[in-house]
């Protein structure tokens, strides 16, 4: 028992392989400080071992460069900051100056506010007009065509000023073909000019007559005799027209009827003059 | 491009006109009283003419010139008076705000001469023998004043007209509407008031009313400030001297004197 | 009653611009010959009123006192012109029949008065509501007057024939004297309504 104990108490050999690397199974010892002297003859471990990047060397070489760069960057930042601060101070000074000049009731402020207000309003209106302008033109043209086209019942024409004078308008259909003329005349009636439109087609026949404005007497044509009776008589005929000769006057309105008849004749004469000079 | 033309044309006009206005404002500058703007700012601006001036602007001018009284605006009330005083640097006196008081506490407690059935208007009823009440000075209670008040501050309670002092603006439209002339303007801040108008001697009065003033002079003797006195059998208060101590109200045998702020109204009979 | 409700009651009844404050009489008399014109004018004026109130309220702290009126007029004129363009483009018939009274909206007292009395002293939302309320009051007044005038002078409403042909057409109603008369009557009616409501308030206590 004692011997066993002594045997057991004897220090054994230390378990080697304390530094035994984990890569042992691969058969290639890691080139650490080879404690176990894994080299075949004690010389430094030879490749092939995995060559790690020489970080230390890299760091040694690039260190100073990075330092310098860092210092340079910091310097750059400081300079930029200083410049920005100066710019900011200048802006503030300008702002203070402007604030002093353009105080609430100072003359420059009065002028500025009014000028700015009008300019902005003008700009706004300009924008609105670019949007609505075309539509306004279209609406006007449509209204114009409708008025001129009243003497061409049943047709849809577009009217443009003709080359034949101020009061003659050419009516063209959808294909652009000339369909007829609308002529504006204003013969003198009983108490003032009677504004009329006379429509003439290409066969030089009157297509229709309409009265646009008149000041004859109060309530003249309240019953609409002109539109539904008198004026219809001119349609489809060639002229020249005369009361009593195919045209019946409105009873009790001879002078007005005469004036309108004269107006139709005038229109046809105008057309004749212009088309066959 | 047209937009630029528009901007320049109109902007140019604005510039020119701004210049014109600026020059005009310098050339034709008048030194307005600084207070006028502040005054105008707090006045209601409705130009009702209740102050007696043709609009709030004129009232402000009169205030600044010291011609108008700070409590002249019936619409603004006490709040407005305070603000006006602040702007003008005037101290607000206690009796500055006015309200009105119906100088009668009778109503159901005053005897009727006869039963009146007719047009429900005080003016109409007094045509018939001076009105249905025995007391010739008292409130008839048919509500002519109620209808005259544009603010709805008067109502008839228990046969006598009563003022709601919070709604009352002191416009005094009711004063002229009472045929007995018993609605009178009184200071809003007065703590004591006599709600009776009867000059009848004590003996007569006892027969016609349960609460009216007898002229017994007890209040006069009790008041240490000499603020209350009897004149022609009726108590009256000198508001300059009255401190609102309430001694008179305590000692009045009829319990007539209003012993608290006006809006509590005359004391109702217990029981 | 919320403040908004009070503002509407103000614009429609208590301080109706046409019938109580008696502002904007000229366009009222001119366009109330026909109900369509009246409604068109009322809506156009309301649009301008709301827009100008909003802008003037938004700029109230920036506009110096000395050019106040010029600035207000510039803003109002801007919006009136815009409305004019829109009407010409999209409702040319209405534009023609209202004629020169559309540009006259610029000097319609109602718009300038509200700008001066309200928008320059209150916030944007309140001013917008005030514009709407006052505009509605104006339109309502126009409708009342125009309905009576069109009905009596032409027997129509919105150009639809309402009265039978046998009913006499009172020409004068379509002319200025008739306009004054009808307007006067409508103002009197409005006054009666306001007095009754005041009396009811007083008696109800």
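Chains: A, B and C, in written order; residue numbering restarts at 1 for each.
The rule we apply is simple: contacts are C-beta pairs under 8 Å (C-beta built on N, C-alpha and C of every residue); 3 or more make two chains touch, one makes a residue touch a chain.
From a predicted model like this one, the values you see are computed outputs, not experimental measurements.
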Make each chain a node and each touching pair an edge, then name the shape: line, ring, star, complete, other.
-> complete
Any idea which chain sits dead centre by C-alpha averages?
-> C
Once you find the CA centre of subunit A and the CA centre of subunit C, what distance in Å lies between them?
-> 35
So how far apart, in whole Å, are subunit A and subunit B when each is placed at the average of its C-alpha atoms?
-> 66
Mark out which residues of subunit A touch at least two other chains, giving numbers and ranges.
-> 110, 113-114, 117-118, 121, 125, 129
Shared-interface residues of subunit C (touching two or more other chains) are 66-67, 70, 74
Give me the residues of subunit B that touch two or more other chains.
-> 14, 17-18, 21-22, 25
Can you list the subunit C residues touching subunit B in their complex?
-> 66-67, 70, 74, 117, 198-199, 201-205
Tell me, which parts of subunit B touch subunit C in their complex?
-> 14, 17-18, 21-22, 25, 45, 146-147, 149-152, 155, 164
Taking the complex as given, what residues does subunit C use to touch subunit A?
-> 62-67, 70-71, 74-75, 77-78, 81-82, 85-86, 88-90, 92, 96
Subunit A to subunit C touching residues, read off their complex | 104-105, 109-110, 113-114, 117-118, 121, 124-125, 128-129, 132-133, 135-136, 139-140, 143
Once bound in the complex, which stretches of subunit B touch subunit A?
-> 2-3, 6-15, 17-19, 21-23, 25-26
